[in-house]
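I've put the structures underneath this note.
First subunit A sits with subunit B, and in the next complex the same chain sits with subunit C.
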Partner chain A sequence: MADPILLERWRCQPASIAASGDGCTGIDVAKLWQFSGLVTKVRYSDLRSNLPLTFRILDATGLSIELFATYAPRADALRKAGLNSKSAKLAALMKFLGDWLDRTKPLHALVWDMVRHESTIFEVQAVTAGVASDPAAISIDSVPVRSAGTVSHELTCNPIEVAKLVRAGGDLASIPREKRLFAYCASEAGAQIRFVELDALAEFLVGTADGTRTVTELAELLLQCGITLEPQDLVDSVRALVTAGLLDIVNTGA
Partner chain B sequence: MRLTLVDNFIMPERLNPDLFDVHPHLGLTSLAAVVQPEGHQVSIYDPKREIRFGRRPYNAGFYEQAAEDILNTRPDAVGFTTLGCSFLFTVRVAELIRRREPEIPILLGGPHATMLDRRILEAYEQFDIIVRYEAEQTLLPLLARLENRQFDGIPGITWRTRDRGEIRSTPGLPLIENLDSLPIPLYDLYPVADLGLSLMRVEAGRGCPFNCTFCSTASFFQRSYRLKSPERLVHEMDLLHDRYAATEFKLDHDLFTVDHRKVRAFCEAVQDRQYRWRVSARTDCVSEELLEVMTLAGCIGLYFGIETGSERMQRISEKRLKLADATRIVALAESFGIESTVSFITGYPEEVREDQDATLDMLGEFFQRPESWCLPQLHILLPEPGTPMFAQHAHALAYDGYVTPYNARLLREDDLDHILAHRDFTRRIITIRPRCPEANTRSQSMRWTPCASQGTKS
Partner chain C sequence: MSSGGSIRSDRTMLGFAHGPGTFPFLERNPGVADFVELPFELLRHDPTAASIRDRTPVILHCASMSIAGFVRPTQATLEEIARRAEDLGTPWIGEHLAFMSADPLPDVRMTAALHEPTTLTYTVCPQLSEEVVELVCRNLEELQSCFSIPLVVENSPQYFAVPGSTMSIVDFVIEVHRRTRVGMLLDLTHFTISSMNMGFDPQKEVLRLPLDQLVEMHISGLDLQDGTAWDDHGSVASEPILQLAATVLERARPRAVTFEYNWAPDLPDTVLLEQLRRIRGILGND
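Right after this comes the complex of A and B.
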């Protein structure tokens, strides 16, 4: 347990066990490896409050022990480096999952969706929302910018629907899967965060509102993409996104 | 009077038969045995059985169907028992019964209701009366006065008055001193032969004299250790053997082995029967000599709550086991051919990394033992009302959404909202943890006029 790299070597090269000394022969390496998964999972229990659905889906899919056993050497390195904060653990686990999960498999993709969804909520909660711009003051000359801390993810499902299904004991395989885009941002209320599903136009605006282009210029950009939209019509969409907290308006001082 | 008692339902995640405990409820069968001979007609409704054997679908409609099933027994009164982890089901079904038949009195008992009696009545109008602590001596007089709800003089009752809806309670901590005085539980209220049970449970006694800060048993049974006499216990086992051909028993007691003299007397009384039995113990409440006697008398399984591998947490939790001895005793049990289940908890509010590491180390030691002889378990702490730990940390409780496969399902879409609104009561998924972001997130689906309708350049 104290040397997960050695354990991994034993698992991959059983012949190396004998080289470790007489006391090591007869060790049930597979069982020990599984136990290292449990130990690592338990040591990451503090993330459960941030990733409740992720942990639950990992358990339901039978992936959790294998995942944490494979992750154990990295977790051990992190621990030895003194990086024990929740955010450090979460960042390391996310990075590992990004490599380890085979996202062509529907259940792995579901885990990847949920861990990004829940970890983003955790991150965005730490962001203090600024004072929202006045939507009524938005015009075609306004310069929208993505609000501080706004994050968007392309997912294969709606996490809220997944949460309901999981709580109701439904079959994970029955979750409708399709490309969906969601954005997350802090709200002025503090504890609440905003979680918004975006359509194609909203995706475009959140992606291109960089604080340098006016609404009119964004409409021109759209036109270059083959979409005709009057700047005044785009103002309504920008207003909706400002109201949702995803965009702000740059104060040009004009 | 026709009284329908309702068993617990801890709602597991999946329809896995192993997750549905359909054993006869020892408390309810004991209450039924007290009440029925006095002319009351008692039935027990077990929701788990309905699901486990496929008689009812396990879905959002089950609350309604359970209420309907209970009302189909045409009860004059309904009595629920509840634990913290089964409270949601109890609340939902009682609510539906109250809505359909407002005049039927609804009683509630068990550890959770005992600890939260007044607050439950304040929050939930569907409950009329809470029968606190051990109810065998209080249920009969209560039923006799159910009509006028004049319960003064009956200890351990909390109720809502019929006229003004005031909540009143009588003092007292009812406790059955002599468990041999109780009638034999009415196991027959369950279709035992059809349940496919591999062993039968027998209530061996009540109460634990220790005072672990996380344990609600001590407060519910008032730390009063009692064991049925050897003659009585063996008589119950014989009866179950004769009636259901049972040869293996789980002797229900949180801590069977406190009094070695009594345990030896039981072993002497049972040793010729060829029965096999399992009990719970503390590692500091058994010795090599006692283990040998127990083995010869048919003991095949011991459940040891070790709870933490940290000496520091042993002190803080007031479990106060000597951990080196614990390891030795489990090894001894194995040498006698007794299977041990060793149980640990992590997630104590005071637990630091070194404590958790010590628990994992000790868990690992047991994990290396042969699986057939030692089953290590690791649980996440869940604070129970009525415990010293709960009293100390109640202010820090928050929803974290953590569930286990044994207790995960929410049947209705608004069940989560209910839990969040009543988080003081629905302990099933409340732990001492920071706020759960999921609980603070609401999906907003924003839709604009689709781009395509605005026209695209070709």
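Right after this comes the complex of A and C.
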């Protein structure tokens, strides 16, 4: 329990238990290993405020004990290094989940969706929204840029629908699964964030608006992808994304 | 529940374990609870948490005394528990019938001994044997002498057979209470978890406990994964646990029932209120 690496070795090499000379033979190491998962999960309870749905889904899918037991050595190393802040724990857990989850499995993919959704909300809440550009002033010569702190994710579900279903105690297998694109950004109203579903064009704009290309140049880039859109028509899309807070307009000084 | 004070009531009081969602819930639903159970370890980490005494009566709960262990808590820890208990006006001090600290861990990789006691940061069910019963009795006598406020001890959940055990967890609990007459904190979820993992009938076995020593009951959820039941303060008590509560409350009246829903801040008010309604109904406190 106090040495997760040793426990992992005992689990993988049962013969090493007797060699330890601790009189530990006879202990159910597999159960002890699972118990270390419970303990680690409890130590990460402070993340539940930010990842409530993730934790509920991990429990409902029966993944949480195994996950946290596997994660225990990393959690122990983090703790011993004094990295006990919520953000440090969240970053380490996210990195671990990225490797550990088998996203070809629908329930694992659901966990990955929800942990990214909830952790992004936590991260974006810490971002201070800048002063919004004036949508009315946008033209084909404007240079859009992704707003500071804007994050987008491709998910396999709509997290709002998942939240409703989980809170109602519904069957996770009944969640409609399809590719969905969402963007998150800070709002001017303090801790609130904006959460917007993107269509393919909005995804393109949020992904390529890097503050170096004008709207006209973005239309040309679309054309290279086989999509014909007049720059003036693209202005309307950029304007909608600026209004939503996902894009800003670079002040070129012109 | 708008001001602090002490717990002085003849009826069974209902309260909640302290967690991130506790006070928001109690503020949205004034008057539904009589007290909040506060962990000593939180006070150690954040002494300002003691200010909740100004808002509500408090019961102090501990996981630092390692009652069933061979490593005694430091004198400083015991003095701090005593001071906190006096300051908070807690009617008793809850502690786990478990161990939390252990002898220094030999470093098998370095073939050298470490010198600091091992702190597990989580309570662990001890070996269930006569030797440990005697140890617990000695520890309890010594620990109780450090406090002017009575200790009550809480049954552990048993997740697996502990090597060297010679008795069931129910017999272990019975023996400790029989020999020490210490007050009982019966965690119904722990009891149910032990019954599921070790294979006994909780409705039958609970009646063997010395319920005349019952002081407090804990109620929380459990989580069944891969064939093992685990403690879960993030979900609410299931029907079998509430039925076990009914069985106990038909025969005994604890001074307090504590809902331990302190891991998850997002349990809906309606769900928590329903749990309160169920226990009030059993108690006849409607």
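By definition in this document, the second predicted complex is superposed on the first by the 253 of 254 C-alpha atoms of A that agree within 3 Å, B and C clash if a C-alpha of one lies under 4 Å from a C-alpha of the other, contacts with A are read in each partner's own complex, and residues count from 1 in each chain.
Definition applied: contacts are C-beta pairs under 8 Å (C-beta built on N, C-alpha and C of every residue); 3 or more make two chains touch, one makes a residue touch a chain.
Remember, predicted model here, so these are calculated numbers, not experimental data.
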Subunit C versus subunit B on the shared subunit A, clash or fit after superposition: clash
Contacts of A:Asp3 with subunit B and subunit C, given as first, second, both or neither: second
Contacts of A:Phe122 with subunit B and subunit C, given as first, second, both or neither: first
Touching partner for A:Asp233 - first (subunit B), second (subunit C), both, neither: first
Which partner reaches more residues of subunit A (counting touched residues only), subunit B or subunit C: B
A:Ser49 touches, of subunit B and subunit C: first, second, both or neither? both
Subunit B versus subunit C as contact partner of A:Thr25, first or second or both or neither: second
Touching partner for A:Arg167 - first (subunit B), second (subunit C), both, neither: both
Contacts of A:Trp112 with subunit B and subunit C, given as first, second, both or neither: neither
Partner chain in contact with A:Trp33 - subunit B first, subunit C second, else both or neither: neither
Partner chain(s) touched by A:Ile65 [first = subunit B, second = subunit C, both, neither]: second
Stretch of subunit B, among 58-66, 166-174 or 328-336, that runs into subunit C once the two complexes are superposed: 328-336
Residues of subunit A contacting subunit B in one complex and subunit C in the other: 1, 31, 35, 38-39, 42-43, 45, 48-49, 52, 55-56, 59, 167
Residues of subunit A that touch subunit C when the two form their complex: 1-3, 6, 19-28, 31-32, 34-35, 38-39, 42-43, 45, 48-49, 52, 55-56, 59, 62, 64-66, 167
Residue ranges of subunit A touching subunit B (in the complex, touch as defined): 1, 31, 35, 38-39, 42-43, 45, 48-50, 52-53, 55-56, 59-60, 84, 118, 121-122, 125, 158-160, 163-164, 167-169, 191-202, 223, 226-229, 233, 236-237, 240, 244
Subunit B to subunit A touching residues, read off their complex: 13-15, 58-60, 346-347, 353, 356, 360-361, 364, 367, 378, 380, 400-403, 405, 408-411, 413, 415-416, 433-438, 440-448, 450-451, 454-458
Complex interface listing, subunit C residues touching subunit A: 20, 102, 105-106, 108-109, 118-122, 124, 159-164, 223-226, 228, 230-232, 234-235, 263-266, 268
